[in-house]
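Since the structure comes first, as structure tokens, the remarks are kept for the end.
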Amino acid sequence: MLFKVEMDVNVPPDHDPVRFEQLKAAEKTRFQELQCAGTWRHIWRVVGQYANVSIFDVGSSAELHDILITLPLYPFMSVRVTALCRHPSSVHDDDR
Amino acid sequence: MLFKVEMDVNVPPDHDPVRFEQLKAAEKTRFQELQCAGTWRHIWRVVGQYANVSIFDVGSSAELHDILITLPLYPFMSVRVTALCRHPSSVHDDDR
Amino acid sequence: MLFKVEMDVNVPPDHDPVRFEQLKAAEKTRFQELQCAGTWRHIWRVVGQYANVSIFDVGSSAELHDILITLPLYPFMSVRVTALCRHPSSVHDDDR
Amino acid sequence: MLFKVEMDVNVPPDHDPVRFEQLKAAEKTRFQELQCAGTWRHIWRVVGQYANVSIFDVGSSAELHDILITLPLYPFMSVRVTALCRHPSSVHDDDR
Amino acid sequence: MLFKVEMDVNVPPDHDPVRFEQLKAAEKTRFQELQCAGTWRHIWRVVGQYANVSIFDVGSSAELHDILITLPLYPFMSVRVTALCRHPSSVHDDDR
Amino acid sequence: MLFKVEMDVNVPPDHDPVRFEQLKAAEKTRFQELQCAGTWRHIWRVVGQYANVSIFDVGSSAELHDILITLPLYPFMSVRVTALCRHPSSVHDDDR
Amino acid sequence: MLFKVEMDVNVPPDHDPVRFEQLKAAEKTRFQELQCAGTWRHIWRVVGQYANVSIFDVGSSAELHDILITLPLYPFMSVRVTALCRHPSSVHDDDR
Amino acid sequence: MLFKVEMDVNVPPDHDPVRFEQLKAAEKTRFQELQCAGTWRHIWRVVGQYANVSIFDVGSSAELHDILITLPLYPFMSVRVTALCRHPSSVHDDDR
Amino acid sequence: MLFKVEMDVNVPPDHDPVRFEQLKAAEKTRFQELQCAGTWRHIWRVVGQYANVSIFDVGSSAELHDILITLPLYPFMSVRVTALCRHPSSVHDDDR
Amino acid sequence: MLFKVEMDVNVPPDHDPVRFEQLKAAEKTRFQELQCAGTWRHIWRVVGQYANVSIFDVGSSAELHDILITLPLYPFMSVRVTALCRHPSSVHDDDR
């Protein structure tokens, strides 16, 4: 099942930069694990924002929920989730 | 250059169904031409809506503008365009 | 998979009342078919509105999309879809 | 009387995690008490959010108000209340 | 049970003035019937708008729904319903 | 002159509970004084919110302004003011 | 009593230009009558819009309501009303 | 040149009251200086809000900008600026 | 004086294409006249929209108002006007 | 490629004024560097706001992203990016 997930990261003005870099590194590790597994199929940066547009391919809504709320940067994110499905006109197998 | 384009199709209540099916067929032909060319890289349906989320890869903003405004269904669409760029954490070459 | 679907029906001011009653009857038949099948698990009216709040339990997002866009009153509806999942505190088996 | 209640929990960035876990445990206890009593009829998680969609069945608006404002996590919640009523097409007795 | 109901009347630009005056007369008759019965407890005009703010006192949400959707001008109204309850500081018995 | 005033109280997360209870007690005293005087004609709680809907009957806009900004809880309130007037269909003298 | 009234005129695309010019002339006559009487104290155009910002000085909310809803162009207007009062720092007598 | 300027003052909950009173006094002095000069032509309070609606008459946009950002209370304000011009129907010379 | 003007053109679905092309040609002629005169300093298309972002340099707000409301396509436009001024850091003389 | 970038600077109420002046000076230096390079083609102040409207001309979306997120004041900015393209009616070469 496909979902568009839009994540905005709101860095608190008085954050501890060392701790935040650690969280960013942990986020990157977790992201690449999920991308290699095919779960986090796509990610793009939104120009000028600390934000991304992502496409997830998960077995269930619950799986997506568990992935999102355990992301290292989740406490600093606002997240919008939109259910997608394959477009009948697509000629690409992987726009499933 | 990458753009997220979100298209909502607003079918006028008193449209001519024959004419509209012709436009939909023309839209599909144009879409597949652009998808095969690698310009309209991805398309997904938004669940429950006559709407899609698409990713375009174009040479310039002007090229995207010309593609969008000449789509057969453009007069019935509302369109939102967001500039994207490659995410530095991505391990996929084609999330460019 | 669970989804909250909120449907607002916008009756066009110049609609044909006979035709509209036929669509409402067809909508009711289709609804009860889906409710008996366990797909359209819950429906409630929103007080003072021609609108409902519904819970769907479907095998996939695509199944939900196909159900919604073929509802007899769909051309008169605006629809909002929200992905849900089971709450870990629930003691009811059917809040799945 | 039926109400849809949507609760978003806003965890303050500088909260005391021990205190917050205590409040969450108290919230769960209170929730299950109300669910077993049939008052908090349904609860679902919103995917990707610290939020739920709930259906309450109460004797009066005042009863609902008293329940909501005494929830252990209420000070951290934003709450939206919508009055519902039974849908005439429903075939289920408990969509009352 | 108390509800605040806010009604905005949207007069269609090409309405039939005779028919509309008939509906307004029917609306006034129905309103006064409900006001005398104590159901439509209060009504005020919003300055500069074809709109009112009303307080209803009904036995159930379903009763309110049935009253509202059968108002003669309902097809021209947009309606917002808010559940209220008695304020504990009130010294008036009838702010129930 | 009649006004609808909607007051939302935003309790700061780190407020001093003793001080806040004192302000609430002062607010209640002031409210009852104004209600007995006929100035604060009606008050209702909004279900699930720390908020009220009120009707004021004042001699002038300036009088209303002075009452509102000197309420003990005013620094914690967001306030929306709407000018009302008597509805010509009302059969009640006191919906003036 | 002072009110800020913001009026946006929405000219229907298929209006009858002769009839509309008659209404505009009637609107101007009525406006000047009210301005000379001191009721419609100020009027300014909003740059680039068919809209104005006005200040009214009326004896009561009901008087303002009656003035606004009988304006010749009222059926084409959307109107926002805000209650004002004299600012204590003003040195001008007529900012009453 | 005429501008409508709407100023909302947001008093920070933990402000120093002595310092704030000094700023308010400085704001009043500056306001009266500008009002006497004819630059800050009108000011009204918005009922129930710590906010005003003002009309400025300035030689240029830059002059208005410099006036606004140097107001003593500017750091606590949110400001909305709307360009106005004389209304052709006005009979008053000073609604210029 | 500088203004940012954002214009969205809303083509009515049942417009007369011949008449609309005439208006577009007249709009282009008027635009170029104003651009050559230095009044309409800049214009850019918004990608994917029938809309532009423009910068005007005019002697007064009234001049801008007269220019905008007499544009051939004005009846089909929604327009947003924002007053600008020279930025003190600019090194370009013509960002005046 | 052309982009409109709108930047609002939100000065935190408890900022260190010395540190903030240093950031402003660094911002100005960086801005002028980019303006002289032709990348930050235009900048204007929004009247009454700590905000600007800018036009960027960059080789790619990624270049714009890198420029924006490394601006010295970026942590205090909210930024809106809109893709633009040359308008076909423009007579100026540099409205490219």
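For clarity, chains are labelled A, B, C, D, E, F, G, H, I and J in written order, and residue numbers in each chain start from 1.
As a convention for this text, a contact is a pair of C-beta atoms (placed from the backbone, for glycine too) under 8 Å apart; a residue touches a chain by one contact, two chains touch by 3 or more.
For reference, the UniProt names are A, B, C, D, E, F, G, H, I, J = Muconolactone Delta-isomerase.
The structure presented is a predicted model; accordingly, all values stated were derived computationally and were not measured.
The chains that touch both chain B and chain I are J.
Of the two chain pairs examined here, G-I and G-H, it is G-H that is joined by more C-beta pairs in contact. Annotation: the C-E interface is duplicated by B-I among the options H-I, G-H or B-I, judged by over half of the residue-numbered contact pairs being identical. Chain H and chain J have centres, each the mean of its CA atoms, that are 28 Å apart. As a whole-number value, the distance joining the C-alpha centres of chain D and chain I reads 51 Å. Of all residues in chain E, those that touch two or more other chains are 2-3, 45, 47-48, 61, 64-65, 81, 83-86. Those residues of chain C that touch chain D in the shared complex are 2, 4, 28, 31-32, 35-36, 42-48, 52-53, 55, 82-92, 95.
For chain J in complex with chain H, the touching residues are 11, 13, 45, 47-50. Contacts from chain F toward chain H in the complex involve residues 3, 5, 12, 61-62, 64-65, 68-69, 75, 79-81.
Listing the residues of chain F that touch chain G in their complex gives 1-3, 60-62, 64-65, 81, 83-86.
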